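First, the structure itself, so that you have it in front of you.
Chain nomenclature is as follows: A, B, C and D, assigned in order of appearance, with residue numbering initiated at 1 for each chain independently.
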Amino acid sequence: MAKRKETARILSQESLAPGIYSMWIETEMAEEAGPGQFLSLYSKDGSRLLPRPISICEISKGRIRLVYRIAGKGTEEFAAYKAGDSIPVLGPLGNGFPLEAAENKRAFLIGGGIGVPPMLELAKRLPGEKKLIMGYRNSHMFLKEEFEHEGPLYVATEDGSFGTSGNVLDAIREHDLSADVLYACGPAPMLRALKDYASERGIEAWISLEERMACGVGACLACICQSKEVDSHSQVHNKRICKDGPVFRAEEVELR
Amino acid sequence: MAKRKETARILSQESLAPGIYSMWIETEMAEEAGPGQFLSLYSKDGSRLLPRPISICEISKGRIRLVYRIAGKGTEEFAAYKAGDSIPVLGPLGNGFPLEAAENKRAFLIGGGIGVPPMLELAKRLPGEKKLIMGYRNSHMFLKEEFEHEGPLYVATEDGSFGTSGNVLDAIREHDLSADVLYACGPAPMLRALKDYASERGIEAWISLEERMACGVGACLACICQSKEVDSHSQVHNKRICKDGPVFRAEEVELR
Amino acid sequence: MNLSVDLAGVTLKNPVMTASGTFGSGQEYSEFVDLSRLGAVVTKGVANVPWPGNPAPRIAETYGGMINAIGLQNPGIDVFVKRDIPFLRQYDTRIIVNVCGKTTEDYVEVVERLADEPVDMLEINISCPNVREGGIAFGQDTKAAETITRAVKEKAAQPVIMKLSPNVTDIGEMAKAVEAGGADAISLINTITGMKIDIHKRTFAVANKTGGLSGPAVKPVAVRMVYQAAQAVKVPVIGMGGILCAEDALEFILAGASAVSVGTANFHNPYATSEVVDGIRAYMERYGIEDIRELIGAVR
Amino acid sequence: MNLSVDLAGVTLKNPVMTASGTFGSGQEYSEFVDLSRLGAVVTKGVANVPWPGNPAPRIAETYGGMINAIGLQNPGIDVFVKRDIPFLRQYDTRIIVNVCGKTTEDYVEVVERLADEPVDMLEINISCPNVREGGIAFGQDTKAAETITRAVKEKAAQPVIMKLSPNVTDIGEMAKAVEAGGADAISLINTITGMKIDIHKRTFAVANKTGGLSGPAVKPVAVRMVYQAAQAVKVPVIGMGGILCAEDALEFILAGASAVSVGTANFHNPYATSEVVDGIRAYMERYGIEDIRELIGAVR
């Protein structure tokens, strides 16, 4: 799993919903990367030096798919690229979701907002019984069709325009769903609620966290989250999201 | 002659010689601009904020031609643009060559190195008797054919590979040429030599100067040259090349 | 929606001004921007007599910025009063004259000369890193700064803005010193002393060896100093340093600036000042801010 | 062709080092760069006990740079000695340990602890803008800087590099002060205190409010200070601040740096350190420079 920086070719670029883009890039990192890991994309404008971490959405032979939201100048630049353009990427980064945790267990795969994309490759790779629960803001339910191929899909929309009106936990309750292990990616409030939900029911929960990053490889100590136990790197209570994560056992970390 | 900044479309881009590029851009500035004036081109990379001044080489309806040498990162970026790309430009800037100075006179048009291009539009517009004297480093004599259409052309090459071996003054001597007024653009040593040549012979000399620029419009006082007389703007002995020039009467300015 | 701000009793129609030395006396950029759209035009520094400035090259581009060592070339107060003030009076904007000098007497002479002129404020530059005598020497020592402020205030007919240098250990102390000397307002930052070396010619990129760094590269330093100055004093603070767009200007305002100046950005985009005004208005509309004064110093 | 340089009796195979805090203890970047290619690895600051650092967000991108307020998170000297030194010993490079502390005693404790360890030099960080106590307080006052240098030197078994803060009025005076205190070398610049405001959330972009500005944006300030420091003292100067490529490194060397550190650039390009080594060699070939020492301080 050697990390590297390379200039990847963009194979396709399309908009999935307002402000949401999907890009396939050609890279040998596809051979080594797994779901829950991420790549860091570099801007070509010298005024922006730090790379933008983007989760891996899908992997196929020699290609990786990234689905991202325009959040600022960097992602705006990426969205303007076309098939045939090149983009500098660093990866594969982070630890990824542990597939073995779901062995012989019923799993929830839960995505919220721009946390939806990384659940796709996980859904494709995870064997066994799994329920896919995705929360969107409104009826722009990007990747919905792809998820429908991978297992039973339950959708919640904040504005009630489709599926359960509310969030992913509302969908779980409405459909009276249950599981033994859950994997989740999404906004902090969702992860906090899922952590509580899982601990109440004694469910094993794996969540993917976000923080601003500089190096992306564990060297700069920018991207910490607070951990319950003393961490092995700095002997304090800080895990590095880029290197020790982004995926953590929910009990391991304190969510602000 | 209202100056403006606009995003111009690139109509063509070609290499004329190693490291020398020619670019036609589409711009309404063509209607107002004249020979000896310049445009300032902006980089699209935010790490480079200041515009690059480039002389106007040729003007035709709604289009301007710029011929430039790769001298650093900015011109390197410009050279990578293709037809159809856009480029932000500021112009038209500076005063330009006075055509009336050649009325009923025999004129020399002298270009050296990357000072050759601005002589082309001047050659096209200047009526009356004119001799074109161009100095190149070697046999990569860019724009030579264009000049041949405009009048008798005398070429000097530093390496002696074509025409007179030496500089433009060597060519003048070799061909025993004479004139009543001269227009010149080129490296400082060439301009110094021409200033002396002209003053010895009592010839009126108009030369185009270069200096690093920030604003390009006369506001920042970056691009000064020393003038003989007290200047009207600052009441010292500094003329602004971008605004009072780039073309000056040779006696007006001190050449370092 | 109110965009007007008050600087020591002078009302500006909006908080956007030009940064001294980057906008001449307005004439050159009036081809691009209607000066009446701006809160104020701050002129290039003017001294008691004409100054020739430094030899060329006077500037060099740097990553995300530039260094300049113009050296305060200016025509002297006589020509300035005759030519530049009447030009600016044609527009509906405030006139702020930036004053430079080598000695206290130089500054005072200019200030006295302006007493009867129709200018709205004076900005006293005690922070130019590019002239050997005077200037920055006043701006790097609290006592000298307080003393010159007092001397200028004694003779000034208009409110006095003291322009501070970022090349100091403690900007809060400097701000307090000029406030103690009677400054009506403070502006900052002037440029940060910098150097560029041409590795191919193996020489300094500007003839003066050092120059003043400006442009977006310095913005984080400028915002920090504006914040610290605004925390330290009660007089209004005018923020500048790297403002390219309205978002940048708003950072300064939220950090405590009552007004902002746009400098190096003019070279990158001659319409910058005017676009900053529009962008501030758009931001206020988006977030339903009725009065710009709600934003001044709102982040603490 | 000779690329090796001498720092207070320690020979580096080339002048390229890593900047403390941007390269961990080398492990993470050893996946990208053969550490044996570097003149030295300078470790992240280490204290006598583990430090948790500041709350997140700890960094923010700025125009051509970044601000960080990591707050010197580190595992403490015990783990460092057991884990990081043996790791670095695997490589043929010099080991320079960056030391931080809150009190003089903290620094001295770490220095004493390292006396018997196979490290080549110590770099004493008296310039971190991101911790409340200690650090920068020593680096902004000539007397305090001289005193702590003397205290460290008394106990140090290895040559001592004092790392200076750019947040001062007169860097030459600071350089002289640590030289007087016995410093064997000087390194600069640490980060410049900066601030970024999130105008949409209307809050500070980093939790610590202020952070240290680094990256190419600061390079002109860093080159100027390296030049001034090199003019002021006789001990070797190590230059850093915004080096992205060999051209940048050469600016520092020509300005008087005997060695350079590459920091923020690693985040932009994990191969940066190694590419700087190659680029310096290419430059020397192009201009027929036999010995890098011909270039040190060649522009005056």
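Keep this in mind: a contact is a pair of C-beta atoms (placed from the backbone, for glycine too) under 8 Å apart; a residue touches a chain by one contact, two chains touch by 3 or more.
Here the structure is a predicted model, which means the values were calculated and not measured.
Common neighbours of chain A and chain D, listed by label, are B, C.
Ranking all chains by how far their C-alpha centres lie from the centre of chain D, first place goes to B. Between the CA-based centres of chain C and chain D the separation comes to 34 Å, rounded to the whole angstrom. Separating the CA-averaged centres of chain B and chain C is a span of 35 Å. Centroids built from CA atoms put chain C at 47 Å from chain A. Measuring from the averaged C-alpha position of chain A to that of chain B gives a distance of 56 Å. Counting partner chains per residue, chain A has residues 46-48 touching two or more of them. Multi-chain contact residues of chain D (touching two or more other chains) are listed as 63-65, 216.
If you draw each protein chain as a dot and join the dots that touch, every dot ends up joined to every other dot. For chain D in complex with chain B, the residues that touch the partner chain are 63-64, 216. Of all residues in chain A, those touching chain B in their complex are 44-48.
On the side of chain D, the complex with chain C involves touching residues 62-65, 67, 140, 167-170, 192-197, 199, 202-204, 210-211, 213, 216-221, 223-224, 227, 242, 244, 247, 250-251, 254-255, 283, 298-299. On the side of chain A, the complex with chain C involves touching residues 46-47.
Against chain B, in their complex, chain C makes its touches with residues 21-24, 28-29, 31-32, 44, 50-53, 56-61, 63-66, 68, 70, 73-76, 79, 215-216, 264, 266-271.
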